[in-house]
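Two complexes come next, and they have one chain in common, subunit A, joined by subunit B in the first and subunit C in the second.
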Partner chain A sequence: MDFLRPASWEEALAAKAEHPTAVPIAGGTDVMVEINFDHRRPEYLLDLNRVGELREWEVGADTVRLGASVPYTQIMENLRTELPGLALASHTVASPQIRNRGGVGGNLGTASPAGDAHPALLAADCEVEVESVRGSRLIPIDAFYTGVKRNALAADELIRSVHIKKADGPQQYSKVGTRNAMVIAVCAFGIALHPETRTVRTGIGSAAPTPIRAAAAEEFLNAALEEGGFWDSRKIITPSIAKQFAQLAAGAANPIDDVRGTASYRRHAVGIMARRTLTWTWESYRGNGRTTEGVA
Partner chain B sequence: MGSTRTTGVPTKLTQGSQTKGGIGESTLRPDGTLKVTGEFAYSSDMWHEDMLWGQTLRSTVAHAEIVSIDTSEALAQSGVYAVLTYDDLPAEMKKYGLELQDTPVLAHGKVRHHGEPVALVAADHPETARRAAAKIKIEYRELPLVTDEASATAPGAVLVHEGRDDEYIKHVPHPNIVHRQPIIRGDADEAAKKADVVVRGEYTFGMQDQAFLGPESGLAVPAEDGGVDLYVATQWLHSDLEQIAPVLGLPEEKVRMTLSGVGGAFGGREDISMQIHACLLALRTGKPVKIVYNRFESFFGHVHRHPAKLYYEHGATRDGKLTHMRCRIVLDGGAYASASPAVVGNASSLSVGPYVIDDVDIEAIALYTNNPPCGAMRGFGAVQACFAYEAQMDKLAAKLGMDPVELRQLNAMEQGTLLPTGQVVDSPAPVAEILRRVKSRPLPPERQWESSEGADVRQLPGGLSNTTHGEGVVRGVGYAVGIKNVGFSEGFDDYSTAKVRMEVINGEPVATVHTAMAEVGQGGVTVHAQIARTELGVTQVTIHPADTQVGSAGSSSASRQTYVTGGAVKNSCELVREKVLELGRRKFGTYHPAWATAELRLEGGKVVTDGGEVLGDLVDVLEDESVEVEAEWRHRPTEPFDLRTGQGNGHVQYSFAAHRAVVEVDTELGLVKVIELACAQDVGKALNPLSVLGQIQGGTTQGLGVAVMEEIIVDPKTAKVKNPSFTDYLIPTILDTPTIPVDVLELADEHAPYGLRGIGEAPTLSSTPAVLAAIRNATGLELNRTPVRPEHLTGTA
Partner chain C sequence: MRVNFTVNGRQQEADDVWEGESLLYVLRERMGLPGSKNACEQGECGSCTVRLDGVPVCACLVAAGQVEGREVVTVEGLADFAKQRAEHGGCASGACGTPLQEAQRWRADPAKGAMDSGTGEVGGGNPDATLSPIQQAFIDAGAVQCGFCTPGLLIAADEMLEHNPQPTDADIREALSGNLCRCTGYEKILDAVRLAAARQDRQGLQEGAV
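This part shows the complex of A and B:
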């Protein structure tokens, strides 16, 4: 195995062009586990740790351009206002040590359905900035996940950053694991209210072959909120609306039975998390938001 | 082994003490700071110049004939020094085992479980060794599986071991049963007629892993005399030695073992893991060989806690007096016997729990199956039984409309109670009292997670995962109490050996304590020094590294080391003291009549009369002489249980703990947060109160783990382990660990040194059923299995 250590982004792109099978590595919290267990043995490892700009972020007018290697700890500590859903998701990632190393680029690169960041990214809405020696492009998050542990990257492309919409309303994130910390998701749910567009977006993790949005649930909710004039009146959400939203969210899940949980439980839990996180975000929108200690 | 050529091997630990540092004081572990700062040398940290790395190739199927093994490609790889299979074993003896020698050093013609060692590789780099092992080609022809009682004892069932000739085969009803122990006392059928209420239950206990720190590892160094020096993290050096030497074809004196840095054990290091393999490779290559399992391999490298099915029936009169108990306990021992026979003995003899029941009909068996081998783990058979009988007590209380603690107290055993084995409990048994203590504690305030502004998710089920801000959360409270035997039972010659020396070094009397006790975290390194200070009146005590150059200390298990090796150290100290006093009498006896007439003690470096008069300095008594004694020490003998009736004085001592669990359950998501696990335990005498607290809190947490998350999942269709990693075998984090207030009672057992009671296991027993009881209380669900998973609480299993 060759270990490539580009000193700059340009060198990294050149190296990836020259060695399309090279596996990029930044925090190493995912890639090194795979290598240590001999699950994969790439010909080349492409170390991105010398590319400083990958660890930077810029807060723009509408979006945050989040470098692929910005560690989860930094997101939790510095971007709670702009990216509240992702900050909550970041706090559920593994242990403090892992959160100091791992970043969103790794989650996107691996594209595991269990990656903690995905539901938050789907709900917030974002574009993944990828680049190769051929040029740069932005992939909408809805088009990014193409299969189990597969994404829309070309072989010569690297993830530069994620352009995430700054929160224009409350966001929430919940994850079920059978331990109270440091646990891989049995399933996860992200939700973001977008009052500017009067829409709600969602994300579901670990309950389908890829991270997904609960499209039917969103459509139903968007219509129900519009029809009932909820965005303007900010009245309490009708229990029947929350219930149907939850059922549709559960219905969007297409989970499997595995050692971490049954499909039946995952579907059930997605529904519960959908109802609860909708209630929390809507109460925040109504101005009744309550603080939660211990998260993000 | 020269110190310039190796690193990480154990060195002597000299412990001074600012205070007196005798028994009853919370002296600190000499390795404590090293461990928390990452400086402690674990067995995996050892290094030797020119050493090779050993790698084990394990079976990928659970039950199969080995049609062929082709090692040629592995041998051809550069950097490979040896590849060994069964055919390379040097001695006539090719098997080992704790109780039955049924475990092949390397598979012979057949593998019986997933992960069984088949071949070994030694290479100059661990990665080279792994690569070479992967190049060994093994052709398997798969055999039918037996995975539970029904498949193991079905007509025509495939036999896991053919041609058994062990001592148990004569009395078991089927060759796929390792051992069976019935206990019959009174007349359960007749007594059942007096029962106004009867409760029955079928309970399932999942397979728990010891999950110790520091996976299996060690270093074998070939010696010039044709023998081998083995440095290894283990639980019982001499038991290893007895199993290692015969398969190497060496006399025991040519296999010299030294304990290296151990992370933890909990029973998981009682069986041989890499010891023999490293020695074989070292002797074959003539080079030092180190083997280190990673966590994945560790899940295959040691036995686990027996999963169990337990069938119970209890009867009681209307006023709550137990009339009778019938039970059947089926333990899955997996492919090899390991400690199964002794686990059966414990499960059956302790199956009634700490209660008075005169009429019982008990049966416990352990199966041979193609599941992973199971053996010793903290609580050893008593854990599974406690989970079931405590669930029964709650069921019975509910049916009688009684308070569950009152029902337990009404039937609690006490000193003088007759056990179902006919043995009298002849030391304090404060069962009712420890229950009273946990019950009388104020309950933690409700809704601690709630503040005026919101919620603290760290206090809620789901924790950092932010699954609830209070929705669906219900509190429950549950109680449990248990009984564990201390020491090895059933007639085992359960002795220990201690060598104690006293001499003057740099003008100060110093004691050296040398035992073969494996320090696996239980605190012997502290306690031995404390005993020496108390008995010999010195400040400085040196603890010699544990090795086989001194007699056996027995196992660091069964809550026995403070009792038995502590007892041996005390005994040897007393013998040394007598010799020192004799020396004093010879030198100074004529100067003071008290030398001949008074009770003399050693205190503060001086010889003192019982009246406190100083007769002389130890420095002057000893001068340049050293006084040394090596002696064996035994507790009271025990007897085997009768194979038909289970009668016999089988146990040495008992340990009792009670818990009250307070849980909060998210009933919609099925997630559990244990809020508090209060414990009360009788420890006889706390030799080191801080260590006692640590043991009780650790045991309590391990019990919590198997209540709500810890389980090795074996696929019933393939008998393969599905979660051999800490990614999917979950153990409690600090956020899962509740406040554990501990109430320590010290009611002396007059038969034991200082009145002490072995303490390490009892808290692991009652913790699990207390948590289960609390979850039942919160949810109203029956919950007959542990661990409880979210699926069981939400009807989505």
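This part shows the complex of A and C:
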């Protein structure tokens, strides 16, 4: 094994081009587990800790450009206003020690369906900025996850940042696990209201081969809110609408039975989380609901 | 490969480090510092918690090569680290810290008490060292049972009290949520952290009154 220590982003890209099999390591919270347990013996480890810009973020007019290695702790502490859904999701990641090291780039690189950031990223809407010596490109999050632990990255590409839409309305995140810390999600659900475009976006984690959106549920809800004039009247969500939304969200899930839960439990829980998070965000939109403070 | 980094305030060098090796392995097996415990090797238990550039992390999940040029504080250096922080707000001169040999022989001497609880004198280079306030609190509250989880808990609790001197119970629970105690001695551990916080608070009040 070789340990590559690029001192800059350009050097990192050059190293990845020269050694496409090199495994990038930043927080190490996934990679080191695999190495410790002898599940993986990469030829090259590509350490990204010395690339400072990966730990920086920029808040723009419409988006936040979040460096791939910004630790979850920083997201929770500094980006709660701009990225409330992701901040909530970050708070559910493992433990303080893990949140101090891990970042969104690792979740995206690993592309596990159970990664905590995915539902929030899908709901907020974002583009993943990837780069190689050949150039840079933005991959829409909807096109990023290509299979179980597979993503749209080419072998010579590295994740530079995520361009996430700043919240224009309430966002929520919910996760099912056996305790309040140190759990891999049994399943998870993210939701973001986008009053500017009068749309609602969702994300489901750990309940399909990849993180997914509940497309049919979104379509139904967008139409129902529009037809009922809910965005203007800000009236309470009709229980039948919430129920239908929950059923469609559960239907979008395509889970499996495993040690953490059964498929039928996961489908059921996704429906419950969809209904609850819709209620929370909508009550917040109406101006009398709970805020994201103190939740999760 | 060779890795140069600071351990407990002193410059150290590790040779012949395997590229896939963890910081924890380097600390325990190459530097003879077994205070950071090796248990789950997957970041679940927090027994190997150390400070990396001030931040609590699981040493088992940090690749050794990633600590090049960085600063690590282990439980063996915690007493001196806490002392420097209390007296000088940290180690400015770079001359403080715990030498490797002393760290390797580090042994708590509860009779000496914690350095700023006013019950004992400063150890002064003696490996049978004075305790940090959080260590003393763990002893006084009976928070040490088998002791395996203790080093990680001490590092995590000490770091929380550093930036949150008056934690609520929820704050304590959250700060320690990454540290497992298989003896399930959590109540006493919570007591210990509350005790350390109360002593720190009282100390601050006394200093403020002078």
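The rule is short, and it goes like this: the second predicted complex is superposed on the first by the 290 of 296 C-alpha atoms of A that agree within 3 Å, B and C clash if a C-alpha of one lies under 4 Å from a C-alpha of the other, contacts with A are read in each partner's own complex, and residues count from 1 in each chain.
In the analysis below, a residue touches a chain if its C-beta (ideal position, glycine included) is under 8 Å from a C-beta of that chain, and two chains touch if they have at least 3 such contacts.
If you're wondering where the values come from, they're calculated on a predicted model, not measured in any experiment.
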Check the residue A:F37 against both partner chains and state whether it touches subunit B (first), subunit C (second), both, or neither.
-> both
In the three-chain superposition, say which chain, subunit B or subunit C, touches more residues of subunit A.
-> B
First, second, both or neither for A:W280, with subunit B first and subunit C second | first
First (subunit B), second (subunit C), both or neither touched by A:P96 = second
Now for A:D2: first (subunit B), second (subunit C), both, or neither, which partner does it touch?
-> second
Return first, second, both or neither, reflecting whether A:E227 touches subunit B, subunit C, both chains, or no partner chain.
-> neither
Considering only touches as defined above, state whether A:K175 meets subunit B (first), subunit C (second), both or neither.
-> first
Scan A:Y265 for contacts with subunit B and subunit C and give back first, second, both or neither.
-> first
Dual-contact residues of subunit A, meaning touching subunit B and subunit C, are 36-37, 180-182
Quick one: in the complex, what on subunit A touches subunit C?
-> 1-3, 5, 25, 27-29, 31-33, 35-37, 41, 45, 47, 49, 94-98, 100-101, 180-182
The answer for subunit A against subunit B in the complex is residues 36-38, 88, 91-92, 172-184, 186, 259-262, 264-265, 267-269, 272-273, 276, 280, 290-295
Parts of subunit C lying in touch with subunit A, wherever the complex brings them together = 1, 18-20, 22, 41-44, 46, 49, 55-58, 60-63, 65-66, 68, 156, 174-175, 177-180
Which residues of subunit B touch subunit A in their complex?
-> 130, 294, 296, 451, 453-459, 461-469, 471-472, 668-671, 673, 708-709, 713, 722-723, 727-728, 730, 732-736, 789-791, 794, 796-797
